[in-house]
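Right, one structure below, let's go through it.
Letters A, B, C and D name the chains as they come in the text, with residue numbers starting at 1 for each one.
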Amino acid sequence: MNPNTESNYKNNGLEKTLITEEIISQARAAFMAAREIRDHQTLFVGIGLPCLVAHFSQSILSPSCHLVFESGLMEVSCETQPLSTASANIAKTAKMHGSMLDVFSMLQRGEIDVGLLSAAQIDIHGHLNSSRLTTKSGKTLSLPGSGGAHDITVLANKVIAVMPSDPRRFVNNVEFITSPNNPYGNREGVAGVAMPDAYFSFDTGRPILQKIYSDSDADALNESLNWDSQISDNLEIVNPPEGNLIEKAGIFLKNS
Amino acid sequence: MNPNTESNYKNNGLEKTLITEEIISQARAAFMAAREIRDHQTLFVGIGLPCLVAHFSQSILSPSCHLVFESGLMEVSCETQPLSTASANIAKTAKMHGSMLDVFSMLQRGEIDVGLLSAAQIDIHGHLNSSRLTTKSGKTLSLPGSGGAHDITVLANKVIAVMPSDPRRFVNNVEFITSPNNPYGNREGVAGVAMPDAYFSFDTGRPILQKIYSDSDADALNESLNWDSQISDNLEIVNPPEGNLIEKAGIFLKNS
Amino acid sequence: MIDKVMSAQQAVKKYIHNSNTVFIGGFGHAIPFAIAHEIVRQKKHSLHFVKTGADILFDLLVAGGCASRLSCGWYGNPGIGMSNIINRAVDSGKLVLNESTNFSMILRLHAGKLGVPFIPSPILANGDLANSVDGIKTMKCPFTEVQYQAHSALNPDVAIIHAQRSDMDGNVQLWGSVGDTIEGCEASQKIICSVEEICEKEEILLSPHLTKLPAHKVAAVIKQPFGAYPSYLHDYYQRDESYYAEHTVNTKDNLKSDEWLRSSVFDHDDFDSYLKSLPDKLLAKLAWSNS
Amino acid sequence: MIDKVMSAQQAVKKYIHNSNTVFIGGFGHAIPFAIAHEIVRQKKHSLHFVKTGADILFDLLVAGGCASRLSCGWYGNPGIGMSNIINRAVDSGKLVLNESTNFSMILRLHAGKLGVPFIPSPILANGDLANSVDGIKTMKCPFTEVQYQAHSALNPDVAIIHAQRSDMDGNVQLWGSVGDTIEGCEASQKIICSVEEICEKEEILLSPHLTKLPAHKVAAVIKQPFGAYPSYLHDYYQRDESYYAEHTVNTKDNLKSDEWLRSSVFDHDDFDSYLKSLPDKLLAKLAWSNS
């Protein structure tokens, strides 16, 4: 489904970034999510793929968006991948060093337009699991837990999940609901999930394949995932990120 | 009752401070209150007479006490009278610029050993009035209100009031209970009131004349005030503040 | 890029609407007099001001007829006495005064900041204020059954504040005594801020610990040197003590209040014009370096 | 004058008692590793640690047998993966893990800071955590009857933190990313703080906006350069990324964990000795100026 092999993005000599399949895959998922962001929005950014979404938003698609991290860092320029929400690389580009209470309060007040999250699993209800997984051998694997994921999911005006294309991550019912898609008040909850081939919306309360890259196949994708999703009648075909964007992703991810 | 006339404290040439009756009176009340403070205590200091109490405590009697003002200024050196709890003279000597929320939270957590307050009136129940007074002509005079006084009275581990010697200020029942002597949890509430001649405790729930300056007369004093108070069997005779202390008060109050 | 930099005239016109609830920043320090002058000049009315205590700025807004309601813990001239203007306005029925305590006002604004409906506290359970204060209700702690007062959230429509500096995006830096400024601003829907200087982003990046307000809430940035006069601004200028000392006399009756308002607000097109009308060298004398 | 300046050994001995509830300062930044080393070295036990997430410091305390209970929103190696040590301790029944969310932990500490019994919030009303989390209870808003979760106050016995500097009285200055450090410290009964430098009062007076902790709560001030290593300290040193990268492998089984603990803690009398055992010039390379 993904024709962008490593050889397509061989280094041009100036940039020393080795473009791997992994980078391409992350760039595709992040670009799909970043297209959902509108300019001037305030984004609450989780660690991992969400940071690349924020980077694409800020540096290309929505240059006036405001980035907030759960550590309390605000008005951040996200130029290289942070390993934690308090990493020095983002602390040094933040225009405000607030507290965790400050930024979670912003969430609770309804001032976060979009929460950007990843998770171990997402299900057809839009619930997210970051707590435990059962391996094929039946062993329970304990994951690091919610962190702020539960809170972001309940309190952001809208949540966009970003996931790798691993089919074990898309399920009908997550094993453990860490972050329930039960938003507070009239907030929107989990609006959709972006992955390296496509974007599913939850507009009807169930996943609908809404957008797909021109080099991916909708039926094959829907088939490959472990969940009951439908293909939208108005499926939008999106051009995948190209050389320049992939390079950008490579540079961004280099330090992680 | 007060033999310290202006002439006793004529300027010695070096200090340009004119020692007035008013300064002497304030110094006497403040000194009486400051004797109730123990070293290392954390004091929440109101504006007016309480500042002079804090100054005496910090500069003479309890040098390691911690001064907190409702504006959020903490670890203050109170060297000249501030006109407000956020005045520049104390902001410049504060080692921490916190917020009002920070210091009222300290109060609510029970970390303020002593709240130092003044008021328009105090009654025999230890209730304080900073809201309204009726003039002799029957007109209601609206005062500036509680500010933090109500909160300090309810939340400090102990409150010491400091009042001028005006008999209209000592009454059996205040006209309006701004700051009720109903402390939270097992806090002590209004422990006593210092005035230019004496210190009344509320240990029994009613005012008892506990300490008096050696140049004042207990019976005459009790007679002169408008409230039902008793004289302690163990009335303590205290030497009034002398030249040096009065000078100190004069310098402190000069800018106000 | 949204252009947030504008004049006080534009900001007040655009963002302060009659009947709004308005939070006033500053506490003894950094009081937003320039913006308040403009509110009076534009004859905004029916505003509800919320604040612990706003010094003599309350007087300006009440004398100007802008306030229909005041919710506060304290009003008057700090260290000097009561407010003649507010007492007259209340007596004549022009102003509703909701007296509270400073901490209750802070808790209500803080609940607004946190985005929660209320915060429980033991204050205002007893005394005469307990019976008259707005926005509190008795409740039981669900864990201990002990009784507390729930202090309900306040979320003003707009906050007006003055600060040392900001960049063009509204990353506002404020230091010195902050009082309840941050609580009130974060609780508000939007913030109008006047500053001594508009600085480059690079300067903000050198001192992100001084940035106190999240840029996304700051709707307007107004460059107004001495915008907190006659109050003080830490590291910039001192308080004009004689102004405060004379204020109570200057406002002792309606005639004098009107004269005070005319000479300080209505005679001027903007705050700079007012500053120019002050006695020679007064502002220079108030320089922080002289303190 | 109470003398608060002491060694980590003295401070831990004097102020951390078995069965205490301990808040851990720092968040990704300024994590108090030196004090934690000393807690492990003194074999303190039955401690209950409360914190949003404390990075791999949790691993140190759990591997050292100090923790009987952990209340947190997250545990693991940031950006790398899960905690082998905690998973093994939970599986073997040695550790009770109260999983929560970061915001619930903050709200509970903030309630502790405010001195109120609880703060209401809509989080943890649904999902599988809602059924298992400690310290929350469903309640109705007394104003609207809408249902919220009351998050009960946490007031730890002691907070351990690392900061840039302090004076001898315990006026602690901390800057950079602060996370939940201030909430947790203010909620705690007392604070034990290690700092890079002990400075003069005069220096504090020049920057009172950097002072983040009220001196009256600071019980001990420990001078410990690199006291947050291997985490970073804003303006002082960078994070040792390779330490974190190797940590998951270094703790993948009990044998390796024990060896890690021995070589980093038990082989040393104090944190300085540990720092000296690090590879040549490592600390110099981590200097902030190289970042």
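Note that a contact is a pair of C-beta atoms (placed from the backbone, for glycine too) under 8 Å apart; a residue touches a chain by one contact, two chains touch by 3 or more.
Just so we're clear, the structure is a prediction, and the values are computed from it rather than from any experiment.
Q: When every step has to jump to a touching chain, what is the lowest number of steps that links chain B to chain D?
A: Each step joins two touching chains, and the minimum needed here is 1.
Q: What is the chain whose Cα centroid lies farthest from the Cα centroid of chain C?
A: Measuring from the centre of chain C, the most distant chain centre belongs to A.
Q: Could you please state the distance in Å, as a whole number, between where the Cα atoms of chain A are centred and where those of chain D are centred?
A: Their C-alpha centroids are separated by 29 Å.
Q: Counting in whole Å, what is the centre-to-centre distance of chain C and chain D, each centre being its mean C-alpha position?
A: Spacing between the chain centres: roughly 38 Å.
Q: How many angstrom lie between the centres of chain A and chain C, each centre taken as the mean Cα position?
A: From the centre of chain A to the centre of chain C is 41 Å.
Q: Touching two or more other chains, which residues of chain D qualify?
A: 110, 114, 116, 121, 175-176, 209
Q: What are the residues of chain B that contact at least two other chains?
A: 91-92, 94, 97-98, 101, 107-108, 155
Q: Viewed as a graph of touching chains, is the assembly arranged as a line, ring, star, complete set, or other?
A: other
Q: Per the touch rule above, enumerate the chain pairs that touch, sorted by label.
A: Going through each pair of chains, those in contact are A-C, A-D, B-C, B-D, C-D.
Q: List the residues on chain C that touch chain B in their complex, please.
A: 27-29, 52-53, 55, 72-76, 78-83, 86-87, 90, 99-104, 106, 110, 121-130, 175-183, 232, 234, 238-239, 241, 244, 291
Q: Show which residues of chain B lie in contact with chain C when the two form their complex.
A: Per the touch definition, chain B meets chain C at residues 47-48, 70-73, 82-88, 91-92, 94, 97-101, 104, 107-108, 127, 131, 141-151, 154-155, 176-180, 182, 184-185, 256.
Q: So in the complex, the part of chain D that touches chain B is made up of which residues?
A: Within the complex, chain D contacts chain B at residues 1-2, 112-116, 155, 167, 169, 171, 186, 201, 204-205, 208-209, 211-217.
Q: In the complex, go through chain D and note every residue touching chain C.
A: Listed in rising order, the residues of chain D that touch chain C are 110, 114, 116-121, 137-139, 141-144, 146, 148, 150, 152, 175-176, 209-210.
Q: Touching chain D in the complex: which residues of chain B?
A: 40, 42, 63-64, 66, 68, 74-75, 91-98, 101-102, 105-111, 155
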